[in-house]
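Here it is, the structure in full.
Going in written order, the chains are labelled A, B and C, and every chain counts its residues from 1.
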Amino acid sequence: MAAQMTDAHRHFLQALMSLGVVESPQALALHRQCCELHKVHYAADKLDDFISVANLQLQPLFLEIRRGMAEETGRTCYALVNLAESEVTRMASDYSETELELFKKTMDLIVLSENGFASSTEILNLADQLKPKKMKKREAEQVLQRLVEDKWLSEKEGEFTLHPRCILELEQYILSHYPDTARKCHICHALVVQSQVCADCGIAMHAPCLARYFRGKAEPRCPRCKQFWPPGTSAVSQPPAPSSSSTLREGRRASSSSSSVGPRRRR
Amino acid sequence: MSQKKRNKRPGPSQVEPMEVDEEYSLSQTPSSSQLQRNVQRRPQSQMEAKVNELVRFLLVKDQKKIPIKRADILKHVIKDYKDVCPELLKRANQTLQQAFGMELVEIDPKSHSYILVSKLPQLERESSKEDEDSPKMGLLTVILSLIFMKGNVIKESAVWEVLRRLRVDPGEKHKVFGDVKKLVTEEFVRQKYLEYNRLPHTEPPESEFRWGPRATKETSKKQILQFVAKIQSKDPTFWTSQYNEAETEANAAGRH
Amino acid sequence: MDEASGDETTRRLLRQQYRELIADVQQNREMMLSTRNDKLTESLEEANKLFVAVSRAREAALDAQFLVLASTLGKEKASQLQSDMTVFDPSAFAEDLLSFMGLNRLDGGESDSDNEQLASGYLPSNAWHTLGEEAKKYFRRAPTFHFMLGAFTADPPVQRPRIERQQKKAGPDERRAMPKQLEKMEESHQEATEKEVERILGYLQSFFRQDPGVPISFLEFVTDPDSFARTIENMFHVSFLIRDGLATIKLDDDRLPIIEPLYPEEGENNQDTQARKQAVMSMSFQEWQNIVQTFEISQPMIMPATPAKK
């Protein structure tokens, strides 16, 4: 039972390094593959124990294999994350200072948005205000592309959100960096970026958490205020397709076109 | 003195005999008793903190696969722990092995630069689109193969002749590699996978490629011959002289 | 006479053909050496054909140059054949690499060995990934660790509340959508603001109507060269136009902002993305000065409010 670090653990760790993030089925397969390759005892249901052995080694290095949930799919995923900022971590060479600035601004837009998405137009419009150097739109587009490839952002029809890998690593940072905005899921208590919000009491939840909660309930009601949950808003996810017609959205549109200053129409 | 005892290493040993000296410099220094006294003067907790910081530094610096200079290690991490530097490097190497299955290897005894090398074999993977470094490794392996198979040195023009047939042209932007001339003659060279030298008295200028020191640490003649054999569906013994050369190298590296 | 000039043309052509042949052999040295093909022989045959037409020294010199090249290659090739070991053949290697990478060979019928230089067909987009995955098995390359936390310096926390969703009990309270700094002014200045916004909209629309094809520079539109304060006011008022979906700001090819009026009828569809944006713009005094200078603005596009009562 002595939980010893073996080559199987090291191999698993190396695989996480090169893959960045893995979803549960792939993690399970890797676990098995590593154990078999190095003839280490393999127990299919003991992945988390297996990981905690590796984490014991990583702890003094301020690294950790972290487990979390992909906001959209609800799937469990794993990533090796950095836990500490230092002079050394700022020597990372994947992105230039300006590129990181674009990432930060994008993260601002995403976290401060109502639904956890920022449109490419919004992001690209920031390109020429970046510091220390401004960026051409096309450059910014390429950086966004790389951020998606490297699994820091994910993109859907021109709308960007934070990739599960990014949330795994930056959860604490986001919670403390956006104290007035970042919310925790009422059900799982982890950070929620793409949130489902109760129109009555305002609590936020992950769509998959909420779907799981509703399962087996006679009627969809808010877990806190017990108000009836309007249909259409508890769907698994609501990508911000411009033509989407959720009730919330329509309410907003109506209000914004009626909030009037001055004469609207030039006929 | 080059027959100092080596650490036992699992897996195929595939390094040139000169590495014996380098490992030696990672583990001990000539005045090891002086070093021991220095180490004992330092509080253990501080030594450990330094080692961990050093490991983090090495991981960060390895991102671009450019060898890490000892001077940079001293400047950014070791600082006023210079007197125990060899001990810190040795312990960092132990941590890398214990936690990640990697080791720290000195590749240039003159400039004292280091690289990280894995001690574990590559896992087989189903999906091939995952790792964005893969295509570059493919290109590099083709070039290393050409160099070895053509007698350990090859003219640049001969390399491009083959690469052009693989739809890689130094004058065109490649859709996977971008500026491929730069990748081959600058990036691979800076990473020390390749050596690239201009031939004297050639007009128009001609250059040639050889293996760089990183190539000899991460792979071996035997491995590359096996790659070529796999691609050409032949037995490695098909190329008699290359086979003999690779075996000789492997035996020399395997001898303790 | 006629014959002489015709002769000169033929000779020029002949020299040209020799040069091409020589270049071809030089550029494809490895293939010429390959024991798998007869490229070298083919080239020699071609030279023989050309030689029939050679009558002058200049062409003969080219022929000699070719022969020297061919015989060097021939010697090298012969030594390869003699030696007891099998020689590595780069062009065979290249062919096998192409197969491994999944080359989609197009016209198999027309196996015109002439075009061995570039085997026809195309490589799939993941060709190099396929090769790379195989290649990596022969390396002990350490994977690299990538992270985002700590890669950038953290700015101070953002004390800004989220753009809140409309809560259903809240009712059509239009002030909710107003940015904070506007709320304060709202009570007393609302009327004045409304008028001014309307007036500016009028300017924008009339400029646009005058010349619909010419984009209106946002900076030139708002900048008043005589008054930094009026410039800021203009920006403030334009921000209402943006918010209400009556105008939009885009970037032109030079990445400079341009402003365009929107007409609610046509803007309806993208109101979702356009209308609710509150553009927060700022300009320092220094920047204002630079803009006036750079754009050489001598007159405001938006006339100061008092004199211009349209």
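Keep in mind that, in the parts below, contacts are C-beta pairs under 8 Å (C-beta built on N, C-alpha and C of every residue); 3 or more make two chains touch, one makes a residue touch a chain.
Quantities reported herein were computed from a predicted structural model and do not represent experimental measurements.
Asks: Using C-alpha centres only, name the chain that sits farthest from chain A.
Replies: B
Asks: Which of the two pairs, A-B or A-C, is linked by more C-beta contacts?
Replies: A-C
Asks: Just how far, in Å, is the C-alpha centre of chain B from the one of chain A?
Replies: Roughly 36 Å, centre to centre.
Asks: With chain centres taken as the means of their Cα atoms, state the distance from chain A to chain C in Å.
Replies: Comparing mean C-alpha positions, chain C is 29 Å from chain A.
Asks: For chain C, which residues are shared contacts with two or more other chains?
Replies: If we look for residues of chain C contacting two or more partner chains, we find 142-146.
Asks: Counting only residues that touch at least two other chains, what does the list for chain A look like?
Replies: As it turns out, chain A has residues touching two or more other chains at 14-15, 17-18, 63, 86, 89, 92, 94.
Asks: Residues of chain B that touch two or more other chains: which are they?
Replies: 60, 63, 100, 102, 118, 120-121, 124, 131, 133
Asks: Can you check the complex and tell me which residues of chain A touch chain B?
Replies: Contact set of chain A toward chain B: 5, 7, 10-11, 13-15, 17-19, 30, 33-34, 37, 54, 57-58, 60-63, 86-89, 91-94, 149.
Asks: In their complex, what parts of chain C are in touch with chain A?
Replies: Interface residues on chain C, with respect to chain A: 142-155, 157-169, 172-178, 190, 193-195, 197-198, 201-202, 205, 240, 243-246, 249, 251, 255, 263-264, 269-273, 275-277.
Asks: Once bound in the complex, which stretches of chain A touch chain C?
Replies: Spelled out, the residues of chain A in touch with chain C are 14-15, 17-18, 20, 63, 80-86, 89-90, 92, 94-95, 97, 100-101, 103-104, 108, 111-114, 119, 121-122, 124-125, 127-128, 134, 136-137, 150, 152, 166, 169-170, 173, 176-181, 197, 199-200, 202, 242, 248-249, 251-266.
Asks: In the complex formed with chain A, which residues of chain B make contact?
Replies: So the residues of chain B in touch with chain A come to 10, 48, 52-53, 55-57, 60-61, 63-64, 76-77, 95, 98-102, 118, 120-121, 123-124, 130-133.
Asks: In the complex, go through chain B and note every residue touching chain C.
Replies: Of all residues in chain B, those touching chain C are 11, 14, 59-60, 62-63, 65, 100, 102, 115-122, 124-125, 128-129, 131, 133-142, 145-146, 149-150, 157-158, 161-162, 164-167, 176-177, 217-219, 223-224, 226-228, 230-233, 238-242.
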